[in-house]
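Consider the two complexes below, in which chain A is the common component and chain B and chain C are the respective partners.
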Partner chain A sequence: MSIEAREARQPWILLSPAIGAVTLLLLLPLVFIVVYSFWLRSAVGPDIVGFHFDNWQRALSDPFYRYILLNTLKIAAITTVLCAVLGYPAAYFVARSKGNKMLLLLMLMLPFWISYIIRTMSWINILGSSGALNTLLMTLGLTSEPLRMLYNEGAVILGLVHFLLPFMILNVFVSLDGIDTSLEDAANSLGATRWQAFLQVTLPLSLPGLAAGGLLCFVLAAGSYVTPLVLGGPRDAMFANLVYEAIITQLNWPLGSALSLLLLFVLGALVALYNRFLGMSQLTRGLG
Partner chain B sequence: MGAVNLSDVVKRFGDFTAVHRMSLEIPEGSFLTLLGPSGCGKTTTLRMIAGLLDPSEGDIDINGRRVNDLPIHKRNLGLVFQNYALFPHKTVAENVAFGLRYRNVSRADIARRVQEALELVRLPHLASRYPAALSGGQQQRIALARAVVIEPDVLLLDEPLSALDANLREEMRVELKNIQKRIGVTSVFVTHDQSEALAMSDQVVVMSEGRIEQVGAPQEVYNTPASEFVARFLGAANILPAEARGIEGETMVLDVPGLPRLGIPRSRAPRLAGAGAARLVIRAEKLALTPVDAPADDRVSVPAMVEAVDYQGQSARYFLRIGEGENTHQVQAINMIDERPFAEGEAVSVRVRPRDCAALPLGTANGGGGSAA
Partner chain C sequence: MGWNLIRLYAVLVYLFMFLPVAVVVLLSFNASQFGAFPMTGFSMRWFVALWENDAVMRAFRTSLLLGLLCALISTTLGILASLALVRYRIPGRNLITTVLIAPILVPEVVLAVSLLLFLNFIGIGKSFLMLLAGHVIFTLPFVILVVQARLVGIRRDVEEAALSLGASPRQTFFSVTLPLLMPAVAAGALFAFTISFDNITGTLFWKPGGVETVPTQIFAMLRHSISPEINALGTVMIVLTVGLPLLGASLARWLSMKRGV
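== the complex of A and B ==
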């Protein structure tokens, strides 16, 4: 074999394990789900194989599903905005700190060493009727009976912000860290105050990181399943809970498939929109 | 009173003192260079004038006004950075207009002044481009336009040419100096490149380890260095141990062990008061190699042996051994090549005019140029 031919094949040889894994673990199951979504569940016996639009019709027309979908997007949007507002100053602090940035980033990553579910459950001990916060408030005499802080939309959003904030901070940090500090010096020397220099120079240059962090938070929040299950009430179900409900509880795999694909399309459209205006490279930069 | 005055300025970072009690007067409209190796405190000094660093002690005055407590955005300075620091998300015109927007300048005047500034740096056609689409030299000119368009009291240049490649650097050097002369702005230029400092400055401040070694016009610091450090830093210099014997009329008489007695003009040894231990400084390009049998002239001549030759095309650097017996010295000479370079191991005679030599008193590690305390 000639050297050129070998060199041309080399990337494919190196990529083949990854391609194999993606095909086997992601593409193939996805194809199954697509196929499944056109089948029908029968009350008795196995699912009816075929090409039926019933599941799709139900997923798209049922007002309950639409309400849950919109509510999911609303919760994801609120979570994303909160993460941005809380995360930006933290990221700015880390990026501009003269001390050990790596240590600060490590501290940011520490929560990831604890299972996400345990971190979510821990809020029950804090917000519950005999939890830390209520005990404190009652001991101080600020309230006579425990406040209902758990099992509502607020608790779900709190849990999601808790989970997603580090993703936002990391993305904004990468963006801010790449901005040359002499740009701010230059703006100051030209007559801009620190705040004006921030608004004119630093903020616009860090927007790609903010957008990447926002996208990540939104997609992860919109697809969240554990948080609403643990911290939400019966009325706070999010879309992923519907999928779970359909597949596990009702054993209606075809409908569950259609619902999960619907969420995939909505979030996929969002990612495509992001890619159209900002480009995917920013996202990979933030993750790296 | 200069346009910028530093009096007894000290800058400490923790236990480390970056600038020791420095006093300096920068005359209105002049081009002053802070020259020194990295870590000598030149950039720290510039950043203190700019307001990017606070001095630990001492006062900084700009146009007669103490600016220690004046934040950078109120100092009206033009700052040019080594890495240009253009705003990547703004067009060239927006970059140049940036400072004017904080100065109550009308929209029409902003447009006119931006245009004038771009014409000054000869890039008016690039107004609507983004910095990423410009070459390094173009970016640096835009950075200069952005700094001068606000008509600053002082223009501060932090190694503005060192990111450019060699040819462009020399071209920009001439251009930068021309622009400075045309607008007549007081300028402080920081560099570690001695040829930039000599070519551009009205005054050169040579710094080492946070102290001023010498302040003077380029020819002055080159020809009569105040210390061994200055002699070595400004080009290749031979520094030989010497003993000053005293002054005879307008001549300072020196003995270098192993070499004949030498009398140099008094003006080339301004810091030698009389007899005593001294150093003789001879620039490498002032030592001329000639064949041993060449006819005598007005120059002092000593026999020498070529120990090594560093051939550089139009010129060559020779490493020579001069002196007698135990008192030999290695010296360098840089000569243009006529026909052929001298060969390694060749016996030659090396000649120098006494007025091309300079002498220093011994122990002038920090001789000072009058302004250093």
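== the complex of A and C ==
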């Protein structure tokens, strides 16, 4: 074999294990659950192979499923907005701070390393009936008995915001950090107030970061089921909880396939929209 | 005025992120029977209780083994793929990158369900092997993103110098490329280990009955009530997952300073 041919083959040899793994462990399984969603669950014995629309009909027309799907999107949207409102000023502070930027950045990264389940359950210590907040309120005499703050939708949203905020801050920071500060100075010297300069120069330039952070927060929030299990009540299920129920509790794998695909399509449509208008590179930049 | 307001806001946001975690650490030293306020005294008893809790220790060993194997496999696959992506001009590079990043573009629940159903179909039921496969595919994109970012910084001409001075490609790889790659390898492995150690969303789908990792063990314990033991376990997890990367980062910095790069 010529040297050129060997040189040309080399990257494919290097790539093949990773591509093989993704094909075997993600792409084929995804195709497989598409097929599986048309099978039927039988009361006894293995699932019935075939081409039936029953699962899809149920997933798409059941009012309960539709309600949960809409509620999930609502929770994800609220979470995303809260992350943006809390995260943007914090990211701005880190990006424009003249102090110890490295330390501030490190502190931004730290939550990524602290376990998700720990951060989620930590809110039980805060919001629980003998948690920090209730103890404080009762010591101050503001309330005579503990308030019920846990196991409701608010607690779920709070947990999600706490989990996802670092993703938002990091993405906004990356885009703010890349903006030349002399642009703001130029706006100032041309007579704009600091606030005007921010609104008309900095904010528009940082929108890609905000959008990337928003997309990540939304998709990750809409796909979560552990947070509602830990911080939500029995009525605060999100769509991924339905999937978990179908697959793990009811062992109805064909229905579970259809439900997961529905979630994939809804969130996939969102990612595709994002990709169409803003491109994927912003997203990988924030992750790397 | 405006800047001070932003500073105050940022401090509050940081507090919001860290205060709940600090409370976990604080309560894990609480002498009280109950995993809640008030603090009745300082005690290490819950850490001792953890050490003597067989279920927790078993979960710990499972998580450790899973994390190490996952880091080994994921980093190997990730480094090879990143080398190809950074070093060669290949047609369809964007498509390949998208495919390799796909496991984190798909919602994790969907990844979990599809892997469970497919592996089960080809005869691999819920098992340690399925857990490992799941963790590898989920960590691979992170490893590739981290490693690629580091690889771009390695200059190619150092290798060309070695080659032109008569080193064989193999010698060049092992005595020039690999040592330069080490920080990227370490970063990738650390990342994969921590993500695997922390994973719960997929793990709850893939784990066989009776097998628990540390996060699923905490999850199972939460079903009863929050106990000081959970807080203690949380503290251990925080020390491990935060301490290890910090240690790794400072070690890497020390190594590179010693080398004078």
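Everything that follows uses one rule, which is that the second predicted complex is superposed on the first by the 287 of 288 C-alpha atoms of A that agree within 3 Å, B and C clash if a C-alpha of one lies under 4 Å from a C-alpha of the other, contacts with A are read in each partner's own complex, and residues count from 1 in each chain.
Heads up, the rule we're going with is that contacts are C-beta pairs under 8 Å (C-beta built on N, C-alpha and C of every residue); 3 or more make two chains touch, one makes a residue touch a chain.
Note that the structure is predicted; figures quoted are calculated from it, not measured.
> One more residue to check, A:226. First (chain B), second (chain C), both or neither?
second
> Have a look at where A:192 lands relative to chain B and chain C in the superposition and call it first, second, both or neither.
first
> Just chain B (first), just chain C (second), both, or neither: which does A:183 touch?
first
> State whether chain B or chain C is in contact with more residues of chain A in the superposed arrangement.
The larger set of chain A residues in touch belongs to C.
> Tell me which partner A:251 touches in the superposition: chain B (first), chain C (second), both or neither.
After superposition on chain A, A:251 lies in contact with neither partner.
> Go through the superposed model and pick first if A:273 touches only chain B, second if only chain C, both, or neither.
A:273: touches no partner chain.
> Touching A:70, do we find chain B (first), chain C (second), both, or neither?
Neither partner.
> If we overlay the two complexes on their shared chain A, which of chain B and chain C does A:60 touch? Say first, second, both or neither.
In the superposed model, A:60 contacts neither chain B nor chain C.
> Does the superposition put A:201 against chain B (first), chain C (second), both, or neither?
After superposing on A, A:201 lies in contact with chain B but is clear of chain C.
> Can you list the residues of chain A that touch chain B in one structure and chain C in the other?
Correct list for chain A: 194.
> Okay, in this complex, where on chain C does chain A touch?
2, 6-7, 9-10, 13-14, 16-21, 23-24, 27, 34-38, 76-78, 80-81, 83-85, 87-88, 90, 96-111, 113-119, 121, 133-134, 136-137, 140, 142, 144-146, 148-149, 194, 197-198, 200-201, 204-205, 215, 218-219, 222, 226, 230-231, 234, 237-238, 241-242, 245
> Over in the complex, which chain A residues touch chain C? Could you list them?
10-12, 14-15, 17-19, 21-22, 25-30, 32-33, 36, 86-87, 89-90, 92-94, 107, 110-111, 113-119, 121-126, 128, 130-132, 135, 162, 165-166, 169, 194-195, 219, 222-226, 229-230, 240, 243-244, 247-248, 253, 256-257, 260-261, 263-264, 267, 271, 280, 284, 287-288
> Would you tell me which residues of chain A are touching chain B in their complex?
Touch residues, chain A against chain B: 180, 182-183, 185-194, 196, 200-201, 204-205.
> What residues of chain B sit close enough to touch chain A in their complex?
50-52, 71-79, 81, 83, 85-89, 98-99, 102-103, 146-147, 150
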